[in-house]
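Structures follow.
Next, two complexes with chain A in common: one pairs it with chain B, the other with chain C.
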Partner chain A sequence: MTLVERLRGVFVQALDLGQDVEVEKLEYRGVDAWDSVGHMTLVAAVEDEFDVQLDTDQVIDMSSFKVAADMLKNLGVPEG
Partner chain B sequence: MTALRTDTVLADLVHPGSALVDAATGTTWSGSDLLARAERFAEGLVNLGPGPLFLLAGVDTGTVERYLGGLAARRPVALLDPATPHAVLADLIGRFQPAAVLGTPDGERAPEGYLPTADGWRRLASGEAPPPHPDLTLLLGTSGSTGSPKFVRLSGRAVLANARSVIASLGITTAEIAPTCLPLHYSYGLSVLHSHLAAGATVVVTGHGVLERPFWTAVDRYGITSLAGVPYHYEMLRRLRFDPAAHPSLRTVTQAGGRLRDELVTYFHRTMAAVGGRMFVMYGQTEAAPRMACLPAEELPGRVGSVGRPVPGGTFTIRSLSDQDTAGGAPAPRRGRSATSTSPGAEGEVVYQGPNVMMGYAESAAELSSGDELGGVLATGDLGYLDEEGFLFLTGRLSRIGKVFGNRVNLDDVERLLRGRTGHVGPGAAVADGDRVVVFLEGGTVEACRAVARTLAAELRLHASGFDVRPVDRLPLLPSGKTDYRTLEAGT
Partner chain C sequence: MTTAAERPDAGPGSGHPGNGSAPTPSSRGEDADVFGLDQPGREAALLPELVDLTERHRDGCPEYDRILTALGVPRPAAASTTSDLPWLPVRLFKEHDLRSVPAEAVFRVLTSSGTTGASVSRIHLDRESAAAQTRQLSRTLRAVLGPRRLPMLMVDSASTARGGTSFSARGAGVLGMANFGRDHVYVLDEDDRPDPGAVAEFLRRHGDSPFLVFGFTFMVWRYLYEIARDHRFDLSNGVLVHSGGWKRLADRAVDNAEFRRRFAADTGLRRIHNYYGMVEQIGTVFLEGPSGGSLYCPDFADVIVREPGTWREQPVGEPGVIEVVSTLPRSYPGHVLLTEDVGVVHGVDDGDWPGKRFSVTGRLPRAEARGCGDTFSGPRNTGPSGGRP
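For the complex of A and B:
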C-alpha cells in the first residue's frame, strides 16, 4: 500500500468517515467528525500507523489530508 | 444626547480602561468605546416589543457588541449556540417570544411572526406574555439539545458579583490579556469575558482553538497571559506537549467545566510552576453565574482532586442524604428540613450559597417575569465533602447530568435515545464518568455499541468518542427493581 492509501485508511477509521467523503480533499473542520476531539484521535492513529511522533507544531499544522501526507513524506515515510 | 443610560449592570461590567481586540484584524476597542457602541446599538432596539433578546453568539466582536448593546437596552439577553438546530431554535422562539433574534445566519428564513432585518429577526406583533422581570439580565441554556432546553435566569447583580469574585480569586489585574478560548454562549467562556472587562483587562477575540495555528499566533502577537479550558482542552494540550516556555507571556491557566484527571492537574501545575506560572482549578455551574470555588496554584500541592474553597462571598454546606437518595440515582426531592453540615469528611449533596446564584429556571415566556425563587441557595446536584480547612472535594453526581467535553448531557435523555433511536432492543443505562458518558448495553455486541455511540453523537451533536458504549450481560438492579447506577459508576 502507498502512503496515501494507508493514510486514507487512518482517516476513515479514526474519523469514522462515510463512503461519500472525499478523504484526500479533507480539511480540518471540513466534516463534523474532524473537530478538535477528532483531531486528537486522528493524530494518535497517524502516530500508530506510521510509527512516528509528531511534535507540537506538527500536530497544530496538520490541517488537511494533504498537509498530513506531505508531513509524513518529510518524516521519511516511504511513499510507495 | 441619548435617551439611554449605561447605568447599573453595563457600567460595572465594562471598565472604561478595559479593551477588546479582534485577533484577526488587530482592531482594538477601549472599554469606553465598547460602552458607546453598546449605547448606539441599544438605540436601535427601543422600538421593539416586550420580551428578551435572543443572540446567536458566535465567537466574534460583533457578538460582544450585540450582547453589550442588549444589556444597554436593559433587555434580558439569551446567549445561544450559533449551531442550534433550526427546529430547536424555532421551539425556543415559540416558547420564549423574544422581541428579536440577533446574529441569525444569512439565508435562514425568519419564523412566522418575525420580520427579517439587516441584523436578525424582529417580532411583528407584541406578545401576550408579561414583560420579563426587571432584575433579569442574562439567560443561558442548561443543557443538551434533546427534550426541551430551559434557561437559567441570572440577575445583573449575580453576574456582577461573580465577575468580582473571579477577579479576586484569580487576581485579575489590568495587565491581564485573555483570549476567548471557549464559546461565549457557554457560561465559563462568558465569565472570562465578564471578569476581564470588569477588571479593566484585555480580551482578545479569536474564533480559533488551541489546535489551530492562528490561535498560537494570536497568543504571541497580543501577549496573551492566560488560557481557560475544560478537561478535554488539557487532554489536548498534554497531547500537544504544550510548553509554556515557548510563550513567555502566557503564565496562567484555569480549568473548570468538569473534573480533570488528577495526573493532569499535577502535570499542568508543575509545567506552569516551572516557568513561574500558575494553574487554577475551579468549580462552577451555569446556575451560579457560574463560579463557585477556586483552588489557587499555591494551595494546590497536597490537595490535588479538590476544587478549592468557595469564591469570595460564597459558602458551601453539605446536605446529608438518605439511603434512598444515594441509591436511586434520580434527582432527590428537596426537603425543607434535611440535615446540612460543614463538618469535615461528611459526604452529601453540595449546597452553595452566595450572591451569584440564579433567580431560577424558565421554560416559557411567562416564567421570565418570575422573581428570585432560590434566595441565593443552590442545591448543586453534585456529591462531595469538605476537608478540615474547607476545601471541597467532589465525589459524584446526584442528578442525572453528565458531561461530554464540557457540554452538559442529560443522562435520562441519553437513555431515551437508546430506547427510541438507536435500534438497540435490550435495556441500557447511562452514567457520567468525568468528561464522557458511559453507556452499558445489555446483550450488546461490539458493532452495536459502536453504532450506538455514533447515533448518540449525531443526535446530541457531540463527538462520538465522548460516548463509551460497553456491552454487559446484565444491568445491576436495586431491590426496588431500578437500575443500580452507583454500581455502574463504580465499574467505569
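For the complex of A and C:
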C-alpha cells in the first residue's frame, strides 16, 4: 500500500468516516468527528500506523489530510 | 481567576513534551523563546502593534469603535505607553458579540463558563486567530515542557475530557491541554472517583523519565496530592501545569507556597507551573516561573495593575485590578482588557524570566457587576472602587 492509502485507512478508522467523505480533501473540523478529541485520536493512530512520534508543532500543523501526508513524507515514510 | 477561561484549544491540538530529554525549567528552543523580552524591549515591541490592533478593531467592529469614540479616543490612539491604551472591561464580552471579522469568517466561537447564573463570554475566532492562539500557547508552554509531547497524567476523568455535559468548561480545559501530551492516563475513573491503580500503572510505565501532569488546581490538590502522599507515589520526574485559582483551597489553608512545599516534600514533584489566562484572551497564558510564586508574561503580552477608582497604574508591590494586553486577539477587540481579578506586580526584570512578574490574589467583589449597554460609561462599571485583597 502507498503512504496515501495507508493514511486514508488511518483517517477512516480513527474518525469513523462514512463512505461519502472525500478523505484526501479533508481539513481539520471539516467533519464533526475531526474536532479536538478526534484530533488526539487521529494523531495517536498516525503515530501507531507509521511508527513515528510527532512533536508539538507537527501536531498543531496537521490541519488537513494533505498536510499529514506531506509531513509523513518529510519524516522519511516511503511514499510507495 | 476567570473560571473556565483556561481553554487552550482551537486549532488542531498541540503536542508536547516528549521523550528523554529532560525539559529543564529553563530550556528554551531557539525560535521557541517567548520569555525573552525585558520590559523596555517589550514595551517598544507591543505599543505599535497594539495601536495598530486598536485601529484594526475600530475598522472591523462598529460597537468597539462606538465605545472608543464615546470615550474620546482619537484615531490612531494617542498612547506613549501601553498603559495609555483604552481598555475594555472583560465583562463586555458577556454582554455583546464583539468581533472584528465578518460573520462568514468566524471559524469558532469560544464560550467561558462563568459562575453560576452568570452569562458567558462569546469569543469569535477566524482561522488565522485560531491557529495563532494555538501556536502561541504551545510556544509558551514549551518554555517549561520542551518541544516533545510527554506522557501525560490528567487529573480529571476521561468522561470530562469527552465533554460530559455537566462539566463542559472543565472539559474544554482538559481537552485543550490533552493535546500537549501523549499516552494519556486519567486520575479519576468514569464516576469521578480517584483511581490510584491507574496512577501506579502510569508511573510504572512512564515515571522514570519526564512526564506531564495537568489539572485544575483544586483537583490536583484534592485528588493527585492526596493519593500520591497516601500511596507514596514518586512524582519527581513530573512537570505539573495547573490553573484555576486558589479559592476552593482556601478552606484547606493551601496557597501557592504551601502547595509547592507539600508536593515537593511528600511526592518529590518540584517542577510546578501555575498559569493564569482567560477565554477572552485565548492563547495567552501567564506562566509561573521555575522558582515559583510569580507569573510571567510571554513576549506578546503584558499586565498592568491599576488602582481601582483612579485607574492609574500601581507601582510595584501595590495591589490593584489586573489589565491584560496581548497581540493575539485579531478577530475580536480583546487585545486590551480590564479583568475582574485583583493582583500585584512583584518586580520588573528581576526574576526567572524578563519582564513583569506578578500574582493574582483574588477577584473583585461582584457587587457592582452590572451590565453596561451601548452607552459604555467607562471602567467604573467593572468593579467597585476598592478591590484590594
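Note that in this section the second predicted complex is superposed on the first by the 80 of 80 C-alpha atoms of A that agree within 3 Å, B and C clash if a C-alpha of one lies under 4 Å from a C-alpha of the other, contacts with A are read in each partner's own complex, and residues count from 1 in each chain.
Just so it is clear, contacts are C-beta pairs under 8 Å (C-beta built on N, C-alpha and C of every residue); 3 or more make two chains touch, one makes a residue touch a chain.
It should be emphasised that the depicted structure is a prediction, and the values quoted were computed from it without experimental measurement.
Q: Does the chain A-based superposition show chain B and chain C clashing or fitting?
A: Clash: chain B and chain C overlap once superposed on chain A.
Q: Which of the two partners, first being chain B and second being chain C, lies in contact with A:Ser36: first, second, both, or neither?
A: Both partners.
Q: Once the shared chain is lined up, is A:Tyr28 touching chain B (first), chain C (second), both, or neither of them?
A: A:Tyr28 contacts both chain B and chain C.
Q: Looking at the overlay, does A:Leu7 come into contact with chain B only (first), chain C only (second), both, or neither?
A: Neither partner.
Q: Is A:Asp16 touching the first partner chain B, the second partner chain C, both, or neither of them?
A: first
Q: For A:Ala69, decide between first (touching chain B), second (touching chain C), both and neither.
A: So A:Ala69 meets neither chain B nor chain C here.
Q: Kindly point out the stretch of chain B, out of 96-104, 348-356, 366-374 or 402-410, that overlaps with chain C after superposition on chain A.
A: With the two structures superposed, the offending stretch of chain B is 402-410.
Q: Touching chain B in one complex and chain C in the other: list those residues of chain A.
A: Looking at chain A, the two contact sets intersect at 28, 36-37, 39-40, 43-44, 55-56, 59-61, 63.
Q: Using the touch definition up top, name the residues of chain A that touch chain B in the complex.
A: 16, 28, 33, 35-41, 43-44, 55-56, 59-61, 63
Q: In their complex, what parts of chain C are in touch with chain A?
A: Residue positions touching the partner: 9, 11-19, 107-108, 131, 134-135, 138, 142, 147-149, 161-163, 175-176, 178-180, 182, 184.
Q: Show me the residue ranges of chain A that touch chain C in the complex, using the header's touch definition.
A: 28-29, 36-37, 39-40, 43-44, 47, 53-63
Q: Within their complex, state which residues of chain B touch chain A.
A: Within the complex, chain B touches chain A at residues 209-213, 216, 232, 235-236, 239-243, 246, 405, 454, 463-466.
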